[in-house]
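Remarks on the structure that follows.
Letters A, B, C, D, E and F mark the chains as written, and numbering starts fresh at 1 in each.
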Amino acid sequence: MSATVLCFGEILLRLSSPNKELLLQSARFDVHVGGAEANVAVSLSKLGHSAAVVSTLPDSTLGHACAGELRRHGVNTDAIRFCDGRMGLYFLTHGAGHRPAEVLYDRAGSAFAAAGADAYDWNALLAGCSWLHVSGITPAVSTAAGEAAMRAMSAARQRGAKISFDCNFRARVWGSRAKDAPAVLRKLCEQADLIFGDERDFAFMLAGTTDAAFKAFEQLQFIACTNRERHSVDVQQLSGRLQSRQATYTTRPYPLYGIVDRIGAGDAFAAGVLHGLIRSFDPQKAIDFATVAACLKHSIPGDFNLASAADVELLLSEQRTDVRR
Amino acid sequence: MSATVLCFGEILLRLSSPNKELLLQSARFDVHVGGAEANVAVSLSKLGHSAAVVSTLPDSTLGHACAGELRRHGVNTDAIRFCDGRMGLYFLTHGAGHRPAEVLYDRAGSAFAAAGADAYDWNALLAGCSWLHVSGITPAVSTAAGEAAMRAMSAARQRGAKISFDCNFRARVWGSRAKDAPAVLRKLCEQADLIFGDERDFAFMLAGTTDAAFKAFEQLQFIACTNRERHSVDVQQLSGRLQSRQATYTTRPYPLYGIVDRIGAGDAFAAGVLHGLIRSFDPQKAIDFATVAACLKHSIPGDFNLASAADVELLLSEQRTDVRR
Amino acid sequence: MSATVLCFGEILLRLSSPNKELLLQSARFDVHVGGAEANVAVSLSKLGHSAAVVSTLPDSTLGHACAGELRRHGVNTDAIRFCDGRMGLYFLTHGAGHRPAEVLYDRAGSAFAAAGADAYDWNALLAGCSWLHVSGITPAVSTAAGEAAMRAMSAARQRGAKISFDCNFRARVWGSRAKDAPAVLRKLCEQADLIFGDERDFAFMLAGTTDAAFKAFEQLQFIACTNRERHSVDVQQLSGRLQSRQATYTTRPYPLYGIVDRIGAGDAFAAGVLHGLIRSFDPQKAIDFATVAACLKHSIPGDFNLASAADVELLLSEQRTDVRR
Amino acid sequence: MSATVLCFGEILLRLSSPNKELLLQSARFDVHVGGAEANVAVSLSKLGHSAAVVSTLPDSTLGHACAGELRRHGVNTDAIRFCDGRMGLYFLTHGAGHRPAEVLYDRAGSAFAAAGADAYDWNALLAGCSWLHVSGITPAVSTAAGEAAMRAMSAARQRGAKISFDCNFRARVWGSRAKDAPAVLRKLCEQADLIFGDERDFAFMLAGTTDAAFKAFEQLQFIACTNRERHSVDVQQLSGRLQSRQATYTTRPYPLYGIVDRIGAGDAFAAGVLHGLIRSFDPQKAIDFATVAACLKHSIPGDFNLASAADVELLLSEQRTDVRR
Amino acid sequence: MSATVLCFGEILLRLSSPNKELLLQSARFDVHVGGAEANVAVSLSKLGHSAAVVSTLPDSTLGHACAGELRRHGVNTDAIRFCDGRMGLYFLTHGAGHRPAEVLYDRAGSAFAAAGADAYDWNALLAGCSWLHVSGITPAVSTAAGEAAMRAMSAARQRGAKISFDCNFRARVWGSRAKDAPAVLRKLCEQADLIFGDERDFAFMLAGTTDAAFKAFEQLQFIACTNRERHSVDVQQLSGRLQSRQATYTTRPYPLYGIVDRIGAGDAFAAGVLHGLIRSFDPQKAIDFATVAACLKHSIPGDFNLASAADVELLLSEQRTDVRR
Amino acid sequence: MSATVLCFGEILLRLSSPNKELLLQSARFDVHVGGAEANVAVSLSKLGHSAAVVSTLPDSTLGHACAGELRRHGVNTDAIRFCDGRMGLYFLTHGAGHRPAEVLYDRAGSAFAAAGADAYDWNALLAGCSWLHVSGITPAVSTAAGEAAMRAMSAARQRGAKISFDCNFRARVWGSRAKDAPAVLRKLCEQADLIFGDERDFAFMLAGTTDAAFKAFEQLQFIACTNRERHSVDVQQLSGRLQSRQATYTTRPYPLYGIVDRIGAGDAFAAGVLHGLIRSFDPQKAIDFATVAACLKHSIPGDFNLASAADVELLLSEQRTDVRR
């Protein structure tokens, strides 16, 4: 393995109703591959980085097809384990107008959730890696997955790799274990150089503000988040914020009309921030880039942000064009 | 039959061009079941009521498939008659931007239009029924259908069931009989406890205003209507109004961006008002609920409003969310 | 040939990604026929004129299918030559939100580009013709095509037919020959009674303004163009301008929300101006008509504006309706 | 009008279930244009002849789209009248295996059926025409349509054009008028130079055999028919027979595996026989050509046989190939 | 509940690759509802019987949509419980030629499997019921489901309802509990009046033959099974056998060319036998009817046999037709 | 590069009509990636080998998407060059029944054809490689491509890698250079250890038989080919033959009913033979495996054989099954 960024988390198959229909309104699903960390890996690959996903997939047609889809977008899949078990799924009803989108998770008992905490040889996997990216969904999936994430972080820290953590609190995934979530998430945050989280996340974990986070978490260099203003499901506005121990950088608000697919925008943002840090952008450029990357994601069907760095830069340059020819 | 609400009218098959194309631009139709009264029945069923459709359908694959589609959404179809004759159709070109949608009716000579005025045994059908819902399209379809509607109303009044009537004036369906429409509609309105109609309807029928209606129609308790402001085919604004003999209740205007399917919004509104009256909502709550239900319909493909009461209540609560997970 | 308007240019097959996906994101293309001059011909035919396309297509299934598609919309295809060679193609990625659409031309070496300058018998073709329409894409395609356009114009002028020329500068089609473009375009403009071009076009050709054009080009009676303001790929605003030697006529800005397909809007505008001139509209009516026709095009999938004159007039009458029934 | 062959009959819109589903099993129809005589015209056009359709269509989007589809395949549509009225429809459930296909006609009261017997100016229409083709469906549609067919034949005979008649008895289209069918069909047969009919047709009309037909009908030169052996809906065998007053010509049986679309095969056969007679093929060549054309039709979706003369000749040459490249 | 036949078992959602593609080869699934007992219920409903499904579904969009689909085909769904839990799924890759179809179950931990053995009030449910139908998949799903099936059978026997049992051994569903399968299946068979099973089933359960079954199972009156001969995935041959304590009845072999969807053919057969017994057909007629019903299923997409009794009788009458019009 | 098998040739994008329609009959193309050598690489990857494609693709969305599709199936794409130029295309009309499929190449002037003979660093590319696979299409594409193939072979021979060559004569790709084809192909054959070719190929190249090939080509160890018997486009029969200098091994004929996609079957066969040689199968096993692999390809949409070694072995074991569950 010699990927610059290692993303550890569950890969999901998403089944969604076509043409803004309700779920099962007509007898068809559109199918995409997703999962918070896989989304980050694909986005980084499209932005020009070497990215790998570490995960466990069922040793079935479905599992291998998901890995193939990651490979298609340039992600290294050599570290994906194939085991007995089921595929993590989620059903998505696209929203429209006043009707919110709806996610129905069906990931309990997946091959990833069932994998033991010691399923991954982190020292081998992290060789040559500069960044490890993990999200708060992983400890929500199962205790073993959370423990594996913790081990990954420890190994990364020992080897000098930086650690990126996206809080991504999902009450429905935690289920009955939700009461343990603040403590578990705090332990993971303690290892992180970069945390994706907003005021609600820190209130939940620390009963405090973003500033409290810099006190609570010693390794922490950056906190990043987006702020979303919702006029309707299709019409929103997005801005970004990147906070270091010294300063806070914000972007202008970007209007989003005619949103095509909002799922994965947060992961596109995370990949954008990582891109900025890896490329040593100054913080303002980094948060601008990440926010624009997240905006672009809203125009792309599926969970993955398939925009290239050039696509993002073009939009950043504020040149208004509607057809490139 | 023990449905709370009985809806009497023609069931139509709708054939529409896909992907905002013009009619027959590509060699495909999307197919939905509709019809003003069937739309109300489906919406009431989704809102948790026991609803039945009384109608006549052709004894063909098409006719039985339409009944099946109503059953799928929980509507009682036991009172649908299957006879020789053709299926009522309409062709829909979806609009977009500055291009209005276009409805091409092809319902002349349908099994429903051809059914005799005495085809339905109203006393049996209305047993256990609290509301009868009819629309002004029915007398437009054929004289016999209008006569059947009149008989249904008389039987309902005798049995103590309340009567809901949606004026729904459609000049093209009345065709050469349009000159008789005001008198026919007035006779039906005379029986109604609840009328769906706006100023144009009452001007047409009574050469008067809404207020004149309360004078002209003795049984009348409520008049309800929506007011639609059109910026473009996709971007509009909707508000609702419910008027009793004592007071008038209006809603705030709701913006509609990115309309998915506008057909059936009036029927969703009618079902919402009936829901409010059946559930004994106070009038303001009833008109708010109905208007929001109509707004939600704009986000759902097809003629039916498939939103549940919980979906409407969530939107009424003004909680802005774009993804439920 | 007895068409009122003769359009000379390359017919293209357009392959586009469905459902606002990226190119090849899923394994399907939607297929449309296009090409600037063919678009004008179809639009004129739909507006009620007799229009013909003069072109060269490959003598293959693809070539004949393209001609059939023009015929379907009433365009006379008798003057299309079928030769050895390949079909000119372009791949279109629809844009959305902040993501611009993208056109990838694959038309080099097409049967049209390869046709000799003397492939067309202009005297025979122009018999009975009142207008010849050509665009600046044709000389960009190949030197021979440009020479053929020049000969067509000379023959038209001799026969007393009027000449319409759309500058339509496309750097990527000119490729390495772009340095010759200003001189070539100027020679074609010299023959034109009507030029479609904006300030950038005249700056490019003449290093001057629109006013300079009236000085430089003796035959020129009218210059027409649209002005597009871009809020996003989906939300824009369009206005039109028609300038004669005496006066300038402009339209109000028309908002465009929820654009369905922007390709071909310029050609729809050109056809609208030609319609106005052929029908002897006063200039204000002509530019209003043309601009509204261009607006309507944004709501129609594919390259062709399939709106009728009645559709345009309805919109011009400012009657707001969202469903015609 | 200067078409070599004039085809008079109703143009239908066919709505069929996709993917071998039952009608309305999923919410989609595939849409094709058809009608026995239109099918013959398209096939003749594809075989290289100048063919026109004389018909009446509704003056609606549907009617004009159908004419456009004929034009696309090269058929002259100048003689199609557009009137008030509805579009003739039929619903097709494709068969498979042991499940027969099913046709549900919905053509009563169509614009074509309603057209008066004197709606067509046959002398003008038949100018320059060598063959008139009519089918027995036309008198089944309405008395007026049958009368128009009779007038067309008389005019053709007077002008020296030959007459082709396809019995095409459809009991469901005749409906209650079926008892008149034998006499009506006989009158039309009396004018025909060429009759498409099999033993059942002549038994029905004449209570006699094919031989009796030559005695009964003075003008008659040729009788042609196919013989179909059915193993299943997908696997059949077809042979052709052409009988003159002197001799009978038959083809070898052609196996049909994996039938794609069987509708229109009889019309493809009719066009093939007409092609042979127009091209002065010897009778054996003519019947071989026509039968192979009918076989090819089974491989083409829709009602039209889109095969060219070269496609038929290639298959006639018995060269087995499965991929041409 | 007053259904004639009660079917108890799990309802599944089937996700299949379209157009004979491999699973996930393109980004789309076709979606159908299935499950052995639900298939029997739908088929019986289509054959004209009153049928109900007893089951447990997740209280989610997916669960309610599945119930709606059963209702659409006339099945009574009043006895379906909606609980927390997940939807049982299976992924189907359609086969073709030499490539077998492939079923990937994902039903572990479903709401049905998790339902307690006492979740159903069998005395209430069986009121007015003549037949109970259960399959051997139910005890394979979970011990509790098997226990519920056992209780249903006891209650049915007490109430005088007859019992139909389809062995349907699926090793992958039994999983690690497969060693208990013979004993569990034997206990269920002991209650049955009618068993669907072949020599392999009885060898597995009894280490004996069909004849041994009549000795082992006292209540048993009939054993029924099909015999399938496979030439390829698309081309097969099917015959049926019905054995009573007195005699054995067999059908002729029916060829199956061009199979459209083979899933559910066994359930269509079971429904056909039940139809024969309920209608008091003589045994030869019953097995002929059931076998032909199973043949028809092969021509219908999805798990359900949507053929009517008239469709089956038409095919039984051996009238060869390929298009009904 | 450390792939076991290196495949050198052009990667094509295939655009095909859906649902057995004619090309452009409806406005849609299905899109697949193909090319003889890429097909072999994908098949080898699916059979468990490390395979790489060496090629030149346009540096466009299309080019990168094609590489992504190879990666998805596990093929190493590190050695693909991205340059200016166009994408090689081909249009495929699927055949059916008596209608042969039709391939329309549009690959002239592609980035691959334009690449110089020295574009590839064969010594670096062949490091660690055991087999080089090239086809006769490559020299047909351009002289430079043919020269590059020759250099690849020389380098392979020097490094001790074995050489596989598929004659694959395509007259239309050679075009005007077809007269040079025999000499060019002979030169490439001289280097080969394994040649895929049949009697027609050797007659064309050597004016001799297969036996002559062993005399003419010193390095040659094996000649392999399939023999195809055509009953119709859908129903065929395939057998395989592998000939060494000592003996000839043939397979039984395999019937092919209901062919789904025949394109790429030859490449699936080639991959099967290479699999056998790499795995050191005895020759009879190798030719059986390869022939069955080719049969399986006929059931898989697209150019690639996506069957695994286990899929092939299952079929080889002659276990007849139609549903695996």
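Just a few scattered comments:
By our rule, a residue touches a chain if its C-beta (ideal position, glycine included) is under 8 Å from a C-beta of that chain, and two chains touch if they have at least 3 such contacts.
Computed from a predicted model, the values in this text were never measured in an experiment.
For D-F, the equivalent interface within D-E, C-D or B-E is the one where over half of the contact pairs agree by residue number, namely D-E.
One finds 45 Å separating the Cα centroids of chain A and chain C.
With centres taken as mean Cα positions, chain F sits 40 Å from chain A.
Our note on geometry: chain A versus chain D, Cα centroid distance of 61 Å, whole angstroms.
Multi-chain contact residues of chain A (touching two or more other chains): 22, 27-28, 102, 257-258. If you sketch which chains touch which, every chain touches every other chain without exception.
Contact residues on chain B toward chain F in their complex (touch as defined above): 26-28. Touching chain C in their complex are the following residues of chain D: 68-69, 71-74.
If you check the complex, the residues on chain A that touch chain E are 15, 22-24, 27-32, 60-62, 65, 86-87, 89, 91, 93, 102, 104, 106, 108-109. Residues 18, 254-260, 292, 295-296, 298-302, 306-307, 311, 314-315, 320-325 of chain E are the ones that touch chain D when the two sit in their complex. By the touch criterion given at the top, residues 19-22, 25, 95-103, 105, 170, 172, 228, 230-236, 257-258, 262-263 of chain C touch chain A in their complex.
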